[in-house]
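As written, the chains take the letters A, B and C, and residue 1 is the first residue of each chain.
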């Protein structure tokens, strides 16, 4: 693995090839091919549609994970963005008679634009304020739609009559077509995210999440990085929304309510925040759980909520965290006695757990002796990661990103290229 | 009164205190000195229960402090007055003082105790109803010390009372501390500049990189000892 | 003119309720650095407790108010133990954000549990007092509004006494302002935490019972209050007690004026736009401290 300080152009190439080779393209294709058989052999339409819904959720959770897990920005308006994508698609079909496929592109665009608009004001703000702002935005959107009595958006009852993508097939085959489409899209998104997170850009994002001041000091332009990540997240979200609207032939404002949002949060957190597999595992786990509790609808919310609380209390790294630990154990067992067994895949931009954990340390003593609890730890980007293992990761990632930024300059040059804009003062 | 033997402590993997031993006899004015960042404040934090001790024993009035909660330690009369005052800035002077008497025994007598504090610090009485944030540096220091006195303290551990104060104020603070040590409570002082405590200190401990490297009466602390510690061979 | 006065009266009364309701948010944020998204749920539960006592058991309305307050206080303590306490002092998570999500999820869970116990339908509850009092012209104020204002003012007064004079109250403020020093005085932070949550519950419950005759007792009765509470808190500046009171009345008045002159459906979007504006222009609110770093 190349260290910081090598000739930039060579390093850039190296980083590129390394990232690509680590992305599990072939395994994913195999898995997708296997899964694609399901609708062919299984007759039960209900379960096919359930799985399609799960796949749709995976697209949604992955899009959200880009901003929350990767950037540490809590965009609570994600559902509104997805919904706006859905509404855009729906309106284009219903009002302008566009083909749903074209309208889908409109939804994608709407998602990207609204995501950027929603995030722009909150970039300068600290975590909690930023998320409240996005929450407020989302509520405004939802309430405006509900208050809409002109019939344009359909108001509180939603927008009906959106043509599906495969309506020219029989319902059964249309369902299966959707399954395959969402399967392929979800897998593509996953590969894309994986590739992105292992690129210098993605690692810059993660280092921003880990330690803002340090990263900015290293020359990463925070705003550009966040906006780009948000835009990508929005585009994917818009796509999910459009798919949803055409799949269910309509969309309503209740889609953006507190309940669905809670479910999305639970999926992402339980799955494992900030990881590539997490959102997929979470969507799967939570939806299956809901299915099991299908008859007792209201218990479902309580149980899901309890699940989240338990996960937060005991396994904040989520299912993915548990999985990762298991894999590590197997790996080290297999590599016992061989070299290199330990430093396995930090590549998965992997969650040092939950909601944007930074290398915190409340300014003060360690866990006290008695039951007197600590002050609720305030998150601050630590100026320098002291004696923690996390310090090596941002350093390496940030170094590569900087190298990428300065690819055409001689190594000894003064590093002011991307850095001057990324100061702490907004 | 206070007996520390072989104390070691730190923050996680970073060890700060190594085998520290220290004694404070009742009524004696003891000073802990040494370069900044070498563990003096950490020692106080361990003594007041904010930080756990890894090794060693702490005895206060023949009772073991190890593992006890801060509330229990304060109840026993060992009070830590922190560096930088850490006042409750939006509360009034009087409210800050009352908070010093939080523990029930002291709370019941708080009005008496506050009168004693006002005797020592008349300026605080003038500013009773003012918010702590409006006080000057010297007044804040007085409030911090007064607050520590409000509990029925037997031993006051004062951390850097001279910090950030003009020399005139430093003298005033030290004069008050001397008064306190004679009539109210025993004082253990952390002071980076030993000269400030000249004429007042009965016994001095010198701490360097978390170890006690020298101890003795004030007279035994010549310039050479301090120079070699502060300027030379830091041993790290 | 008379519509204006009517609107102002309504605004002030609501302002008083919002002040109580948001005070819970403020105290919890100041002391525990947590944005308690379950604050609205406290009011919702309080409403149900009051409903049970008054409509089902036939007790007088005042008993309903007390029951609501007590029940909500209990819920507050429960919330603390299941969603906040497990997170305190941990280094592996970002406390502020995690607690935010935790309390949000808990709020949803309370709602769902209520549906399980009582069903999803709205329930009506009688106001504390009936009748109206004419002031002049067409301007009148209902006795309920007077009662509400009265209760609210008593609460605020009591709270002020509690916080400024009593040992427990002072310790809450002390922990909020300077945690380390509070510990050095022997304040048991753990106890202060759940006492604060209980207090937040109490206040939320009272607000909920006061609002219940107007907005019905329902599982989603907590949704609007938390949104309004957030608005007030942001305008005030998170953690500022004085700011909360001022901001609550300002928001109450704005809401009433918008509802009267533009239309009640618009009051919420306006309020949220206010949040947005404040966030952009002055995120630490009118009285908040700029030390609350923006970055």
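Heads up, the rule we're going with is that a residue touches a chain if its C-beta (ideal position, glycine included) is under 8 Å from a C-beta of that chain, and two chains touch if they have at least 3 such contacts.
Computed from a prediction, not measured in an experiment: that's the story for all the values here.
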Chain located farthest away, centre of chain A as origin (C-alpha): B
Contact-richer chain pair [B-C vs A-C]: A-C
Between chain A and chain B, centroid-to-centroid distance (C-alpha), Å: 50
Where chain B and chain C are represented by their mean Cα positions, the distance between them in whole Å: 42
Centroid distance [mean C-alpha coordinates] between chain C and chain A, Å: 33
Touching two or more other chains - residues of chain C: 180, 183, 188
Chain B residues counted as touching two or more neighbouring chains: 50, 69-71
For chain A, residues contacting two or more additional chains: 364, 367, 371-372
Of chain B, residues touching chain C in the complex: 48, 50, 69-71, 73-75, 79-82, 86-91, 95, 98-100, 102-103, 107, 147, 151
Touching residues (chain side chain C, partner chain A) in the complex: 32-35, 82-83, 85-102, 104-106, 108-109, 111-113, 115-116, 179-180, 183, 188-190, 193, 223, 227, 230, 234, 238, 265-266, 268-269, 272-273, 275-276, 279-280, 283, 292-295
Chain C - residues contacting chain B, complex: 164, 167, 170-171, 173-174, 177-178, 180-188
Contacting residues of chain A [partner chain C, same complex]: 72, 74, 121-122, 124-129, 131-133, 135-137, 139-140, 143-144, 147, 212, 258-259, 262, 265-266, 269, 298-302, 305-306, 308-309, 312-313, 316, 352-358, 360-362, 364, 367, 371-379, 381, 424, 426
